[in-house]
Each structure stands twice: as C-alpha cells, then as structure tokens.
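Next come two complexes built around subunit A: one with subunit B, the other with subunit C.
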Partner chain A sequence: MSEHAIEAVGLRRTYRSRTGWLRPQRREVEAVRGVDLTVGNGELFGLLGPNGAGKTTTIKLLNTLLIPTAGEARICGFDVVRQTREVRRRIGYVFGGDRGLYDRLSARDNLRYFAELYGVPGREQKRRIAELLDLVRLSGRENDRVEGYSRGMRQRLHIARGLLHRPRVLFLDEPSIGVDPVAARELRQTVADLAATGTTVLLTTHYMAEADELCGRIAVIANGTIQALGTPAELRHHADGRQVLEVEAYGVGDAQLAVIHALPGVREASVVVTGAAQVLTVQSDAGVDVQADVLRALDGVRLGRVTARQPTLEDAYVAIVNRVDAQALPVEAVAV
Partner chain B sequence: MTALLRLIGVGGVIAYRALFNWTTPAMFVGTLLVGPLFQLLFFAYLGRQLGVADDGFYITGNAVLAASLACVFGGTMAVSNERRFGTLGHVLLSPRSRTAVFLGRVLPYAANGLLIAVTTLTAASLLLGLRVPVDALPGLLLTLAVAALACGFFGLTLGAIGLRFRDVWLVSNVSVALLLLLTGVNVPAAGLPAWMRVTGELLPITHAAEAARRLVAGEGFGAAAPPLAAELAIAVGYAVLAATLLKLFEAESRRRASLDTL
Partner chain C sequence: MIAVGALLHAKQLSRSPFEIATALIVPVVQATLAVYLFRAGGEPGRLLEAAVGAGLMGVWSSVLFGSGGAIQNQRWQGTLEMIMLAPRPPALVVLPITLATALTGTYAMVATLAWGRLLYGIPLTFAHPLAFAVAVPGCIIGLGMFGLLLASTFVLLRNANALTNTLEYPIWLVSGMLVPITALPGWTGPIAAVLPTTWGARAVREAATGSGPTWPSLGICLAISLACLALGAIMMTHVERRARAAATLALA
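== the complex of A and B ==
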C-alpha cells in the first residue's frame, strides 16, 4: 500500500478558450498554479477556498477528469494521467447540487446502474446496495423515483453512489451546498462515519464549521495555490493577535465599509447578509479598541446587537484569503 | 465475461430507461408507432396518385425506415442526455470499457426499432392489402433487425458528436430528414442525383430497404443477402466510428476541458 492516499506535486492547470470568429480572442485562465499536497491513508482532509480558487479543478485533476498542464499526482501510488483505470477503481466522487443522478430512475436503479459502471460484481450488488441505502438512511424510499427527492436525499444518494465500489479515496466536492441544516448535520455524520471506517476523504466546502468539525487537516487554496495548511487549531493562529467585533446592522453601504476598513488598527471588514439583517464583522489588532470608531462610522445606520469575541477558524480563513487578495497575481490573460 | 455481458445487457437496459425520453405509453405509441404508420400511408397514397411505384415499394421501404426514428434519436439520447442529467462525469469516471458501456446502450434502442418496424409493416400490410410470402418472414425479420442496429449505431455516432457540439439535436433532426430523402425509401434511388445516391449508400436503411423489397417480391434470401451484408457493414462501420469518436472526445475533454462533465 502506498504511504499516501493522495500526492500532488507542482500541479498546474491552465484553461484555454477561444471566442469569436472574425476577431478571435484567446483567453487563458490559470485555475491551479502549483499545488503541492499529500493526504495520508484514512485521513479526512479539507480543501477550503473562495469561489474560483481552484478547488474543483484540483479535484478534477486528482480524479482523472482533467490532465494537468504541469506537475504530477498519484492516488494510492497510481499516476492520474497514465494509470487512469487503476485510479478510477480506487476513487469515489461526490459533488453537491441537484444534478448527477438519473431522475427517472429510482434510487435503487441509480445504484444498480452505477454498480455496473464501477465494476461491483453482480452477486454482491444487491447486498451492497442495501447496505448503502441503510447507511445514507434512504431505506424505505429506495423504489421512489429520484425526481421526487429533496436535495438532502439526493445528496445522500450521491454519497451512496460514490461508495458503491468501496473506494479507498472519496472526493466530496461541496456536498452540503444548498442543503438545509438538519440534512447537513446528517451528511456530516455520514462523512464522519466514513472516515472512521478508514476511507480517505478529501472534502471541499465553504462552511468553516463543517471543516472544523470534520477535518483533521485543512488546506486553504486561493488564487490557484495552497496558502495555508494545517490542523484547524494551527490555522486559527493566522488570526492570532486579532480580535473580532460583530455588529448587527440594517443598511451598511460600500462607502461606510470602506471607511471602517481604513480605520487605524482594522485588518479586515466584511458584511454578510443574514435574512433581513446584515452582520458586519471587523477584525482588528488585539491591542486596539476600534468599537467606538466603527460605531461612529455607522452613524445613521440602524444597529442591533454588538459583540466582541475571539477569532474563529472562519476569521483565520478570511484573514488568509484577504491577504492573498491584497497581493493577487493576474490569473487571466487575453490575447487577440 | 459475465461481468462484460452484464454491463452490456443490464447496464444497457437501465440506461435506456434512464435516458430515453419516449418511454411513457402515450409518447411511445404516439411518436413511435402511430407517427410512422401515418407517414407510410401518406407516401403510399401519394405514390398511388403519382404512379411512381406500387404499394409494396412504399410499405416495405417505410416499414424499414420506421425503425430509424427510435434508433437515431435513441442513440443520440443515449449520450447527449447525460449532459442534461449532469451524469456524464460519473460515467466517464467508470473504470469499465467505454466501448462496452456505450455500444451496450444501443441494443435496447435496436430492439425498440425492430418492434416498431415489425408493427408498422404488419399494420400497413393489413390496411393496404400487401401480401408477404411466408417463407420471406425470417429473412425480413433479420433485415429489419440489422437495419435497426445500423440506425442505432448511426444515432450513437450523432450522440458522440453531441459530446463535442452542443446542438446535436439539430444534427439528429436533419439526419432523419436525410434518411427520408436519400435512402431510396420514398424516392427511387435511380431518380436521385449521383452525389445523393452515393451519400445514401453510406447511410443506414438504404441497403436494408433494398433487401426487404427483394424478400417481399419473393426473390428469396439469396437475392437479399448482398444488400443485407452491405447494411451489416454499414452497422459495423458506424459502431467503429461511434466508439472512435467517444474515445477521441473523452481524451480531448481531459486535455482541453471541452466537456461540460459535471
């Protein structure tokens, strides 16, 4: 058995596209720009990053759907470019969203078909499918057409499909996207159970709490490269020396956010809309009390609760990603 | 070997249920049984009016052509609908033989086409009074089966093209119209310009229609064998072409990210 379940060295991927006939424009986007990664056998590894950071491309390079422009990667010791069949026998791939299943078929028939595609022996299929339906809590609904399933049920069926052939490495690409909190908690439980059975899991997600709860190690990817890698506790150190102020507000505009960002001692400022309210999060140097200045900058805005707290993993993630944004290199080139 | 046969047989049937749009009874009967029968009647009565050829010419030719609708569109759906459901990536991640996966998908469509052709021929013969020699029936059944298979592989080739070009339904629609025109089913091949005749020779149906007409005319299997062999060669040719294109476009998709796989 290979020492590592996943190994990537200098992995790069450039997308080239051409638009227009009379005056064609060639566009190059460097989606992944040198990813180095090793994931041990049985590890539950998180890959976090903003939209367009290169998470899905990295997964597609590792699962053989794409060929790297440069660098190399191995899964269980097999090269993802030259030994695709060996790699595919050992991997499962699950992605979030409504698509990726045959809507007209029942869950059981979806699993039967993919069991054939993934080479599950005929005599084992019935038992394996029943096991997985139990595992993802779809027993009792297995004969219903998938078109009537909720998103949470679909996600669980995706996971069952990904596990049919007992893969040693499972890629979970934002599996909880758009799933309600109860279904997301069930999904997390399923993923945790998988890791407990020794399956290596590479999980991409936008949800810090999910990564924090599940992953032994996390890599933060932004701008196509790994910006930070470590245990959740180690990553939190990226927000060391900071404190966080959270203000519930109604009507914070870009101009006010810019003013807050420019205040002495402020390191990050962002607004997230939650329902009718906004939550303004301000990270500042630990020794500087910015609360009075921030509230002054919000003069005229209706405010709710104001809270000061210690940084979380999410704050550390924001700090890492914003640091990259500040020194961002161009990833896109256009030629006429 | 058993696993391969399961992939082709069981996998093919499940894929048919998953991907074929016309499996509901109303769609199946309306689109695949009633539609071709009325088309046949249209051309038979038009032929009577214009005096171009007798009923046998139109009934036999259109019965063979009846297989094409389900097979050409079915073969296209067998690949292109993977995009619609977002399942293409999962199929491409299979470690199994692509050739077995996709060629196995054609068999249910070919069986479907055969059923439609037989039903159309039977119904039209009863309605218009065509007498088919009893000893010609086994050969006729074989001819219709080969025609259906050739159409299925032709459809799969179009489906493979659909991996690269999104507007494959346009190609399928035009192809079905070309089969109507170029295969000599409704317009005798002798009446077509040379380039159309040559193009028709390379399409499914043309040779099967010729073989079927010889059988119905009572010329015997020996007379029908050469065009039947030609139809079989066309079927094999499209099977090889479809397999090659599928392999080519999959390899290209890994290099150029050209497939919207997921």
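== the complex of A and C ==
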C-alpha cells in the first residue's frame, strides 16, 4: 500500500477556449498553477478557497476527470493519467448541488445502476445498497423518484452513490452547498464517520466552521496555487497580531469600503450581506484602535451592533486570500 | 451491466414528459406523411411498406436523438462525468444508453403501424411475420450499435444537438426508409451501401412485403453494425481521453 493516498506535484491545468469563426479569438485561463500536496491514508483533508480559486479543477485533476496540462498526481500510488482505471476503482466522487443523479428514477434504481457501473458484485449489491440507504438515512424513501427529494436528501443520495464500491479515497466537492443547517450537520456527521472508518477524504468547502470541525489539515488555495497549508490551529497564526472589528450596517458602498481599507492600521476590510443587513469586518493591527476612524468613515450609514473580537480561523482564511487578491484585484463588497 | 443499464436508461427516458409527448405525436405525423406520400405517388397498394418505412424513421430518430440527445442530457444532468468516472471501458458505459434509445424506438415502430391501421386502415398483413419479428429487433439492435459510433462524437462535442439535427433527415432519406434508393441521385449509392440503416430498412421491408429474402440484408446490417460497435469502442476510448483533455465532459 502506498504511503500517501493522494500525491500531487506541480499540478497545472490551463483551459483553452475559442470563440468566433471569422475572427477567432483564443482565450487561455490558468485555473491551477502548480499545486503540490500529499494526503495521508485515512486523513480528512480540507481544500478551502474562494470561487474560481481552482478547488474543483484540482479535484477533477486528481479524480481523472481532467488531464493535467503539466505535473503529476497519484492516488494510492497509481498515476491519474496512465493508470486511470486503477485510480477509478479506488475513488469516489461526490459534488454539491442538484445535478448528478437520474431524477426520474428512484434512489434504489440510481444506486443499482451505479453499483453495476462501479463493479459491485451482483450478490453483494442488494445488501450494500440497503446498508448505504441506512447510512444516509434514506431507508423508507428508497422507492420514491429522486425528483421529489429535497436538496439534503439528494446530497445524501450522492454520498451513498459515491460509497457504493467502498472507495479508499473520497472526493467531496462542496457537499454542503445549499443544504439547510440541520442537513449540513447530519452531512458532517456522515463525513466524520467515514473518516473514522479509514476512508481518506478530500473535502472542498466554503464553510470555515465545517473545515475547522472536520479536517485534520487544511490547504487554502487561491489564484490556482496553495497559499497556506496546515492544521486549523496552525492556519489561525496567519491572523496573529491582528484584532477584528465587526459592524452591523445597512448601506455600506464600495467607496466607503475603500476608504476604510486605506485607514492606518487596517489590514483587511470586507462586507458580507446577510439578509437585509451587512456585516462589515475590519481586521487591523492588534496595537491600533481603528474603531473611531471606521465609524467616522461610515458617517451617514445606519449602524447596528459593533463588536471587537479576537481573530478566528475564518479571519485567518480571509487574511490569506486577501493577501493574494490585493496583488491583483481592488477591494469590493461580497454578497453571499 | 449492459442489460441493467439499458433497462434503467429506458425507464428514465420513458418517464420524460418530452419523450412521452414526442412518442405520442411523431408516429401519427410520420404515418400520415407516409400514407399521403404513397397515395400521391399513385401506389396505394404499398401502404404497408409506407407504414413500415415511417416506423423505421421513428426508430432512427429515437436512436439518433437518443445517442446525441442522451449524451447531451447526461451532460445537463451532471451524470456524464459520473458515468465516465466508472472503472469500465467507456464504450461499455455508453452502449446501454444507445441500446435503451433503440428499445424506446421499438415503440415508434409499433405505434406507427398501429396508427396506420387505426387512422388509415392499412392492413397489417406481413408476408413473412416470423422474419419481420426477427428483422425489427435485429435492425433496432444494429442501429443501437451504430448509435455508439455517433455517441463517441457527441461525448466530445458540447453542442451535440447541432450535429444530431443535421443527421436526422439525410440518413433516413439516403437509407431508403421511405423513398426508394433508386429514386435518389447516383452519388448517394455508396453512402447508402455502408450505412447499417439502409440494410436494416431493407430487411424489415423485405420481411413485411416479401420483396426479397430478409436474412442477407439483416446479416449485412448486423455485420456493419458490429463493425460500427468495434470502431465506436475504439473511438470512445480515444474520445474520452480527448474530452478529459479538452474538459468537455461537464457543461462548464
């Protein structure tokens, strides 16, 4: 058995597209620009990053759906380009969202079909499907058509499908996207149980709490490269020497955000929209009190609660990602 | 795996409201088209041949849209990546889909004949009923294998629909499903000769009308189809790799 479940060295992927016939324009996008990582057997590893950072492309390079433009990757010691079938026998792939299932078939039929495809022996199929339906709590609804399932139920069925052939490595690409909090908690429990049984899991997510709760190690990817890698505790150090001010506001614009970002001592400033309100988060040097200056910059904006606190893993993540963005992009408000 | 896959894909296809509506309307349209075409040509005695030809058009449409459309549907559903990720030869993964579409195409044949009987009183008296009963499934299986060859190109193309639409009418025209090949320009002859659809249509027609021995045509249809299957399997492996390089398995 290979020492590492996942190994990637200098992994790169460029997407090329062409538009127009008379005056064709070629476009190249470098989605992954040299990713190196190793994940041990039985490890639960998180890959975090903003939209377009290269998370899904990295997963698709590792699970054989894409061929790398450069670099190498091995799963359980098998090369993802040359030993595709060996790799596929050992991996499961689950992605978030509504797609990826046969909606007009029942959960049982979906699982039966994928069991055949993934080579689960006929005599074992019935037992395995029943076992997985129990695991993802879909027993009793297995004969209903998938089109009538909620997002959470579909997501659980996705997981069952990914586990049919007892993969040694499971790729979970944002499995909790759009899932309600209760279903997301159940999903986290399922993932944790899997890791406890020795399955190696590579999880991509936007949710910091999810990564913090589940993952032994986390890699933060932005702009196609890994910007930081370590345990959640190690990553928190990226926000060392900082303090955080959170202001609930209604109507903060890009101009005000730019002013706040330019204030002395301010390291990061971002706005997240939550329902009708916005939450302005300002990270500053620990020794500098920026609260008065920030409130002055927000003159005329209706404000709610103002809180000063110590940095969390999420703040460390924002610090890492913004460090990359600052080199390429202007500061802007982000809606979630 | 092929049997279970074909069955479940047929189940998924037959539950689509679009497929159901198409299956209800198209055979009526095609039966009407065929009947009036032959009546206008002053050959009312060949109405059964017309109905069988129209039924075959339905089977071909089903296979073509099944192969092209099903691959595109799989892409839209997000299942194309999932099935291509299976540790199986890509051809084995796609073959059940094309067979399923051929199976649903059988319905097109039956429905066209039934509508022809009901609406236009076409007598369903086959010259060789047993040969007809063998030729129709043989032809359908042959077309399913041909569909695999087509499907290999659809895996590569994100806009597979464009190619599907372009191929529908020329193929049934050149294959002589409705209009005799002899009525077409000479240059279409060699194209017709290599298409399994031509021989399949001929076999079914021969069985229905007794215009010739069914088995040689059916044999040639299946032989060409097997060649298509072999070529399709090789192409599918090549195309799957190219699709992974070009990132066309997913929508974006």
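Following the convention adopted for this analysis, the second predicted complex is superposed on the first by the 327 of 336 C-alpha atoms of A that agree within 3 Å, B and C clash if a C-alpha of one lies under 4 Å from a C-alpha of the other, contacts with A are read in each partner's own complex, and residues count from 1 in each chain.
Here is the rule we use: a residue touches a chain if its C-beta (ideal position, glycine included) is under 8 Å from a C-beta of that chain, and two chains touch if they have at least 3 such contacts.
This structure is a prediction, so every number in the text was calculated from the model and none was measured.
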Fit-or-clash call for subunit B and subunit C when the two complexes are aligned on subunit A: clash
Which superposed partner A:109 touches (first subunit B, second subunit C, both, neither): both
Contacts of A:223 with subunit B and subunit C, given as first, second, both or neither: neither
Which superposed partner A:67 touches (first subunit B, second subunit C, both, neither): both
First, second, both or neither for A:121, with subunit B first and subunit C second: first
First (subunit B), second (subunit C), both or neither touched by A:15: both
Overlapping contact positions on subunit A, where the subunit C interface meets the subunit B interface: 15, 63-67, 85-86, 88-89, 91, 93, 95, 97, 99-105, 109, 112-114, 116-119, 161
Interface residues, subunit A side, partner subunit B - complex: 15-16, 60, 63-67, 84-86, 88-89, 91, 93, 95, 97, 99-105, 109, 112-114, 116-119, 121-122, 161
Touch list for subunit A against partner subunit C, complex: 15, 63-67, 85-86, 88-89, 91, 93, 95, 97, 99-105, 109, 112-114, 116-119, 145, 161
Subunit A contact footprint on subunit B (complex, rising order): 2-3, 6-7, 10-11, 14-15, 17-19, 23, 85-87, 89-96, 101, 253-257, 261-262
Of all residues in subunit C, those that touch subunit A in their complex: 1, 4-5, 8, 11-12, 15-16, 76-79, 81-88, 93, 241, 244-245, 247, 249-250
